[in-house]
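Each of the next two complexes has chain A plus one more chain, namely chain B in the first and chain C in the second.
Take a look at the complex of A and B:
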């Protein structure tokens, strides 16, 4: 639907470097990256608010590089909501309709249904300064979709909301995406949001797009150590392939052998990525199983986080396993407890080079 | 603790009792540092208060002469001319200074921007006679701008346009800098959102940026108007006649002596105070968008 073809642009000392990406109709596209990586600039560039120095922007196959934002049909919701403080809620939501030539009275009629849909009819005549964060967010979203845009851009829309309001808003976004078939591009820091919402995603670091593709692929099989770290893979281990027998490799990590599935040749430097929920933790002698990697170690730390617990284990290398708090209690786990860790060779993602 | 209801308390429709202003004062703790700051600040305010009290007491002691001066057509005409020329200068500043202020507020720092900002500020740092001379040299009948404009019938020397242009020159930094501050306070995100909602650049400026900067526009206009109507040296270089109020006071002082010039000055003080107070009252709710207050 919209594609960036080798886009480069500079803003003061910051620059986007040679960014190419494709967002298809109906995608829920996530852009993730650390603070200052250029996520918002990329979003604004999609909206047409920054003119690229090099490269082309294509919308439905047609070049729109020089097309101003008001003619793109792409709406934007900022993290700070950016409601017009001098307009009431109803005027804020109707702004886009009036800009497209609709009369004030007609726009108000059109907007009334939308306010009902978003559950904000009761605040129609209020000014933004008097609204809660959740109400402001709903108004901003209603304003953005009022003009029926082709693409909706969201800049970290959930970051300023409390957990309960976040859940409600996630449902709103899922509904918008599912029922209206809206193409949504969202900037976020949150892996959880990406898991819940994203169909495709891109990782941007220091102005460069370092990974792009299906959300599950980027999250589970990242292209580089940097991306693995950013998407929150808990166990990232550097090693060297000691032997490879038809794709079944033995990787030496600081004197410990890990078995993994990869085409990397013997002697090649690799990075192993292991999700904490792929690490199975046992107490006592492990029974015979198909698991290729079994190692003994000792618990160094247990971090409880709601219903789950992250268990840090030293088995020569430091590894993290995640299990339910109840499992931890049943196994009487505590720092110093000797345990056995098991990891399937197929659960290890190998990054070459 | 319940406050005792006394005569004068106001009972609202919802049954709540509102205290009159003289009973609303609250005991406020002032620390030593703030107290010293207040004392030092009072010295500045004190000079102005003393000067005003001095002239007021003298003038009010002879109300017949004061009214005679205040009612003279020369004084009234001069006040109207001064206020009118100041308002014309401010209107021109709003028309031409607003776009400049917006460009300065939104452009990225550069040497060129710094240069333009310095040019804008020049009238602030120049002696007023120098400012007047600059205006005169440019707008006199043989001046770069004065000559062609004179050819189409617009004369500046000893004429109303000369007064306006001199006032505009000295007052411009006050308006442009205040307006620029106002534009800088409008988040760029608001403009970006308006653009994505279908508003062009000028429509965004008209419907979002300008309404949110109205308070600064009014304040800038009031500052500039105050500066303009108080100008003397800058104006007399190009337009000694017709007399604006400061020229009339100077003329009266050098020809009739202190008594008449002091009375004119007192009339100007009273009128100016009244006008500025009214303007402030009229604009106190401007730019506040909160239906809770």
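Take a look at the complex of A and C:
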């Protein structure tokens, strides 16, 4: 639907470097990356707010590199909502329609249904300063979709909300994407949001797009160590392939052997990525099973986070497993407890080079 | 000791002058308001669009222009008065307009005095609209002209505060109107120059009466400013 073809642009000391990506109709596309990586600049470039120095922007196959923002059929919502403080909720929502020549009364009539849909009709005559963060966010979202954009751009829309409101808003976004078939591009720091919402995603670091593709693929099988670290893979281990028997490799990590599935040849440097959810923790000796990697170790730390607990284990190498707090209590886990960790060879993602 | 004090007596007499609407007090007050309001109107007419142009257009030396405007906030009024006197006097290029020692000349002078202040405050007011909001307006489908008008509307209360500050500076100012107006009774005498003259003549009651009115105007401007800023 919209594609960046080798786009480069500079803004002061910051620059986007040779970015190519494609966002298809109906995608819920996430742009993730650390602070200052260029996520918002990329989002603004999609909106047409920055003119690239090199490369082309294509919309439905036609070049729109020089097309001004107001003609792109794109709406943008910033994390601070950017509502107009001197306009009521209904006039904020109808703003885009009025800019397209609709009268104030007509625009109010047009957005009445939208206010109902977003559950904000009861605050239609209030001013933004009197609204909660969640209400302001809904108003900003309703205002953005009022003009029926082809693409909705969201810049960290959940970052200023409390956890309960975040949950509600995630449902709103899921509904908006599912029921309206809207193409949504969202900038985010949060892997959890990406897990819940994204169909495709791009990882941008220091102005360069370092990974792009289906969200589950990027999240679970990142292209590089840098991406693996950013998408929150808990166990990232550097090693060298000791042997490879038809794709079944043995990787030496600091003297400990891990079995994994990869085409990497013997002697090749690799990075192993293991999600903490894929590490099975047991007490006592490991039983015989199909699991290829079983190792004994000792708990060094337990970090409880809501209903789950992250358990750090030293097995010669440091590994992290995640389990429910209740499991931890049932197994009487504590720092110093001897445990056995099991990891299926197929659960290990191998990054070559 | 207090009874019979010229200051107390002056106060009592001043209140009396105000309550009885002394014709001289009324005439000076009306002239002051007329000159300063007219000057503020013309200054706003010039400075607001000029300030908006400076804010919305990128050009070489923009930063220097804004810095110069801010420096001119503190320009001594007697310097402006002297400059305007030279320009409007018979030896100056605009002497043929015969504006020296007239309310018209005082309006022009006060206009010149407060234009930099209004321009600078307009730029500041528009700068108060953050980048995200500007981009949001554009991304919501507003054309360049609509974006500019929306930003001005968003900043209108801050701009109005600037205009009120400009009026406050104009009406409270004494140096320029004394030099250019000449403090002529019945013609160019305004609140500030009348206070200066009456004080030098030991006519304290009149000075105090005019001072109370000037304070009242300043208070009115302040109240209006806080009301506007509360929006």
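The criterion applied here is as follows: the second predicted complex is superposed on the first by the 353 of 353 C-alpha atoms of A that agree within 3 Å, B and C clash if a C-alpha of one lies under 4 Å from a C-alpha of the other, contacts with A are read in each partner's own complex, and residues count from 1 in each chain.
Convention: a residue touches a chain if its C-beta (ideal position, glycine included) is under 8 Å from a C-beta of that chain, and two chains touch if they have at least 3 such contacts.
Everything numeric here is computed off the predicted structure, so don't read it as measured data.
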Partners on chain A (chain B, chain C) - clash or fit: clash
Which superposed partner A:70 touches (first chain B, second chain C, both, neither): both
Chain B versus chain C as contact partner of A:126, first or second or both or neither: first
Touching partner for A:12 - first (chain B), second (chain C), both, neither: first
Comparing the two partners chain B and chain C, which touches a greater set of residues in chain A: B
Touching partner for A:95 - first (chain B), second (chain C), both, neither: both
First (chain B), second (chain C), both or neither touched by A:243: neither
First (chain B), second (chain C), both or neither touched by A:78: both
2-10, 20-28, 146-154 or 200-208: stretch of chain B that collides with chain C: 200-208
Chain B and chain C footprints on chain A, overlapping residues: 44, 47, 49, 69-70, 74-78, 80, 82, 84-86, 95-96, 99-100, 143-144, 147, 153
Touching residues (chain side chain B, partner chain A) in the complex: 108, 187, 189-190, 192-201, 203, 207-208, 211-212, 287, 289-292
Chain B-touching residues of chain A, taken from the complex the two chains share: 12, 44, 47-49, 68-70, 72, 74-78, 80, 82, 84-86, 95-96, 99-100, 125-130, 143-144, 147, 149, 153
Chain A-facing residues of chain C, complex: 130, 132-133, 135-136, 138-143, 146, 150, 153-154, 156-157, 231
For the chain A and chain C complex, residues of the former touching the latter: 44, 47, 49, 69-70, 74-78, 80, 82, 84-86, 95-96, 99-100, 143-144, 147, 153
